[in-house]
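Have a look at these structures, which come just after this line.
Here come two complexes built around chain A, the first alongside chain B, the second alongside chain C.
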Partner chain A sequence: MKRLRAFVNGADIQRFRTWFQLFAFVLLVYGGYLYIDLGNSLPVFACGFNDAGRGGVCYLLPLQHQTHIPWESLFSWRALGLVFGFLTFFAWLLVLNKAWCGYVCPLGTIQDWMTALRRRLRLRYSVYSLESFTRLKKVKYILLVLLILIPFAIGNPVEGLPHVPEDMATPFCTICPARMVIPAFTGDFSQWTLDFSTRTALVMTSLGMAILGIFFVGAFVNKRFFCFFCPMSALQALFSNIALLKLRKDGGKCTRCGDCYRVCDMQIKAIADDVERKTLIEDDCMMCLKCVAACPEEGCLKATFMGIPVYEATEEGFFRRLQRRGGE
Partner chain B sequence: MPGFRGTLLLVPLLLIPALAAATEPLWFSDLPPTAEWAEKTRRAHGGLVERGRGGVTAKRLWLRAGDDPAHAAYVPVPAGEVVAEGPARDPVPPKSFSTEAGGGIRFEIPEEGFYNAYLLSREVRDGILETRVVKAEVLMHSCANGHDRRFTESRMPPRTTAGVPFELIRERKPDEDFHSRAVSGEAIAFRALHQGEPVAGAEVRLISNTGWGKSVITGPDGRAEFRMVRDYFTDWPEFDKRRRQDYLVLAEYRQPLSGEFDGRAYTQVHYSASLAGTYYPAEREYQSYLYGLGVMLFAASLSVGGVYHYRLRQRRPERREAFDEKA
Partner chain C sequence: MSAAPQGGRRAAVLAQQIRESAQALATLEREFPDNPAAMDYFYKLFHRVYCEGGRAQPEGTLVGTTCVQVPDEIVRAAGGIPVRLCSGSHAFDQAGADFMPAKSCSLVKATLGLLQDERPAWLDTLDRVVNLTTCDQKKKAGQMMEELGCQVHHLEFPPSKESEHARAFWRASVRDFVRAAERMTGGRVTRASLRESILAVSRAQAAYRRLQRLRAESPALLLGKDAFLVTNAYFFDDLERWTAAVDALVAELEARREAGISAALRRAPRILFTGSPPVFPNLKIPVLVEQAGGVIVADETCSANRMLNDAVSVDEWNLYDMVDAVADRYLKPCTCPIFTSNGDRLRRLLDLARTHAVDGVVYQAFAGCQVYEMEHHSVSRALAEAGLPCLYVETDYSPDDVGQLSTRVEAFIESLRSRRRRRQ
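Our next item is the complex of A and B:
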């Protein structure tokens, strides 16, 4: 058991993650061709618009459909769909917590591939200033609130107020880059269009295509660019404290060397600065566990599942990883 | 005797729908005849549905007479046999109904898949056995039931129903699923089947929402293919991409066969079948790839320019200060 633990703790988590991401990508983007269906409440961007290949559907799509109901229906059998949808989402989240983002999300994987390409091209990456970072963090919560409120407002028009157009029934999906990017991997470019049928549709699809352009550039120069704005990440963050997989820190062992912050793709400063909290899952964290791998202090950072350590920072593991990369 | 004369005038007027139903093509439509009936419906993937007993989805099909899908009259159900079959070939008991606005049949559709509903009638007229089959293919799908591809594929193939002498089936597209719908500009194919077998020489006619029609004589495979015309033209601000349009497919087939029905002799059997469907404006009528790519490239170019400019600004020139050591 001790040897197994030493083997795991000394493992190259990045390599494992790369292969796991590839497996998850194939499963969720092409799984449909093999009749794989993981349901429509997944806590990742497994895009529902990828008709032919999807092996499951992102929870935000049914959530927008399910909140597009009259107020009275919230207290009828129709609300059961909403309840079961959420419970299924919660059950998935309970297991992997925010590691869904770091290990499973196809859009996240695509961004990691773009980062790898940039690195190969030896181009410099960008980071946000602390001020911008703090400001941008809020965007995902605003998007989350809007994607629930807008469909609900369509189903519940208020007299005297302008009606929200039906073309905004799935507002987030219309502007989400995954709608265009993920089906493209199965050769489906049907979402790369502007819809001229109504003014609302035109504005929303234009916004979607503009965001796609920004996504391509942003994800190329900034690690996990879109994840800072992801409403799925916000929804996960609301429940991440009660999930079974956790990232723990023993502040007493932390020397504040800052290695963990430097390797963090999401620029989470608290991972290095905070020595008080035991559980450290920030809303932007994707639980890639790069911080654990970069930590040289024995048992300072660890990932636990139901309290049992599954991946832990060890001095031996740190130096083994360093040697593998040809470090001193 | 003004009252009596008035009654005499009223009788033919009341008979008009019934007479029309006897000679004109009959077909099923889920479009309600009045706003009052429309209020009882809700939109679903298979068209308009109602809420049945215990929350079960139900389908109400109105009988219409005439070959103009947009203006055909709503008529009462004539004498005949009403049959319906569920997606798993299970018999579904349809109930006939009659209202002031028209008549038809109603049945519950609890299972996912296609239901077939028929009104079958036979009568001997001028020595010909008129065999009429009014058919409706009804889809039941709710996204809440999931999208298991294997299940969907198993429920996609068109079915015939035992005991139906002559009917039309709509061919499925290779990638069709419960969300697919016919659009203008697209080919749509039907097969005319006699006792479940393809029939050659049947005349199949498709009539679009605006009255455009085309006839095809079936070959040995009983197949008739049509390309749905684009017949929805409106001022751009009024354009509705969700505009539902009905098409009607009628098939006729004659067979020289002698016999007797209800004590009346005949020397020929004339089969007629109807099947109605809906189609919508095609996406290419209101969507543009070119503009989409244009917007994306414009946004990407702006972003590249923004990043480049930002990085340029960050690159501060080296500051050198010269000290005059002698001073």
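Our next item is the complex of A and C:
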């Protein structure tokens, strides 16, 4: 057991993650061809518009449908769909917590591939200043609120207020880059179009195309560019403290060297600077565990599952990884 | 001053420096029984360099550094050989008094004294210095080094380290330093050369950490006076050779542990050393502590732990990220008292005390080192709260206070002993 633990802690989590991500990507983007269906409440961007290949569906799609109901129905059997949808989502989340983002999300994986490409081209990445970072991280919560409120407003018109058009039924999906990017992997480019049928549809699909463009540029220069704005990340963050997989820190052992912060794709400064909190999953965290791998202090950072350490910072592991990665 | 009498005076200073080095080595080597055989490498190294006028480094452009926060990796990547100029010599301390006010720090004075006129043989080709803008005295010493004929790069260091501004400022400073180091050495910092130097330094750090890990064991396997000599050697020794010598020491100590041989008695009070750095030949306080029966098992000083503990972590092994990674390593974990707050230093001390089962702390402050003197208050309060007795010693490089200090140190060690007995 001790040797197994030493092996795991000395392992290169990034390599493991790369392969795991590839596996998850194939499962969620091409799984449909193998009749795999993990349901439609997945806490990742397994895009539902990828009709042929999808091995499961992103929870945000049914969530927008389910909140598109009149007020009275909220207290009827019809609301059961909403409840069960959420419970399934919650059950998935409970297991992997935000590691869904770092290990499973196909859109996240695509961004990591773009990062790998940039790194090969030896181009420097860009980062947000701390001020804009603090401002930008609120965007995802706004998107989350809107993607629930807008469909709900369609079903519940308020006297005196302008009517929300039916084309806004899945407002987030229309502007989500995954709707265009993920189906493209199965050769389906039908989403890469502007919808001229109504003015609303035109505006929304234009916005979607613009965001797609921004996505490609942004994800190339900024690590995990889109994840800062992801409403799924916001939804997960609301419950991440009760999930079973946790990222824990022993502040007493921390030298605040910042090694964890500097490798963090999500620029989470608290991982280095906070020496008070025992569990440190910030809302942007994707639990990729690069921070644990980059921590040279024995047992300072660790990932635990139901309290059992699964991956832990060790001195030996740190220096082994450094020599190995640097030697490549 | 005319050349002749000055030359005579300088010869006297150099002779005095050799004498005090030989004396210090004799104490370290002969007054303690049963030193590990692997320590011979270090005794001989110091003897060769400090007493016989030998060199330790391979041929190449020497680049003097005056602070542990100067990124060695960059100097090495540019093809230079970094040597740390912080001197512990009383002879140089007196010579350096020509430049600095009487009440200033011995270490800064000694460094200036070292660079004055004729150098000791191991530094005779040195004329390039990287001076970090850390404490006021070091900052001002930079200009005086220029007056002494050195080509000085003033590496700008921020006065606080918490904010992102400080980090950005320091990164810019280090990026400039890459160019400056290239100008100093005529070499080029490339992706391959920087990667090589980061890895070489990290191998040395890994060896140091293995040694430090062994020091956590009880009974102690290595005396602090030897540990300080090992880390002092890092100032000027060839990097690969130093790493190999530390590995050999680690292997020997592990074998000694299996054989049940220890460096101190199980009941010897275990000491954590902090404050102004012990630099050879001024290992006065560590030697007094261990002559009194204590054993230094850990330290929080810039001549040892702070120099070697913290590691560079690179995310993307391209030049842009490696340079920033090196910069981050030299700012964020630094526990130097020049910074605005010292929370990190306190936590570091408490962590070392816990992991090394420490009985008491010895805090050395060089007279004139204001920042260490000022932090004494908060450090001793934090230690008191943790139930750790602390001996605060204000001293300098002069041997005059040894008699008085040995009484205090002995009393402190004795009080730790009786405290331990009471607890048992």
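Throughout what follows, the second predicted complex is superposed on the first by the 325 of 328 C-alpha atoms of A that agree within 3 Å, B and C clash if a C-alpha of one lies under 4 Å from a C-alpha of the other, contacts with A are read in each partner's own complex, and residues count from 1 in each chain.
One rule holds in what follows: a contact is a pair of C-beta atoms (placed from the backbone, for glycine too) under 8 Å apart; a residue touches a chain by one contact, two chains touch by 3 or more.
The structure presented is a predicted model; accordingly, all values stated were derived computationally and were not measured.
In the superposed pair of complexes, A:175 makes contact with neither chain B nor chain C. Within the superposed three-chain model, A:211 lies in touch with chain B and out of touch with chain C [touch as defined at top]. In the superposition on chain A, A:262 makes contact with chain C only, while chain B stays out of contact range. By the touch criterion stated above, A:125 is placed in contact with chain C alone, chain B being left untouched. Of the two partner chains, chain B is the only one touched by A:81; chain C is not. Judged by the document's definition of touching, chain A residues 124 lie at the interface with chain B and also at the interface with chain C.
The touching residues of chain A, counted against chain B in their complex, run 32, 35, 37, 39-40, 51-52, 57, 62, 65, 77, 81, 124, 126, 189-190, 192-198, 201, 205-206, 209-214, 216-218, 221. Of all the residues in chain A, the ones that touch chain C in their complex are 119, 122, 124-125, 129-130, 251-260, 262-263, 269, 272-273, 275, 290, 294, 296, 315, 318-319, 322-323, 325-328.
Within the complex, the chain C residues that touch chain A are 162, 164, 191, 195, 198-199, 202-203, 205-206, 209, 213, 309-321, 324-325, 328-329, 332-333, 344, 347-348, 350-351, 354. Of all residues in chain B, only 55, 143-144, 146-150, 175, 177, 179, 236, 239-241, 283, 286-289, 291-293, 295-304, 307, 310-311 touch chain A in the complex they form.
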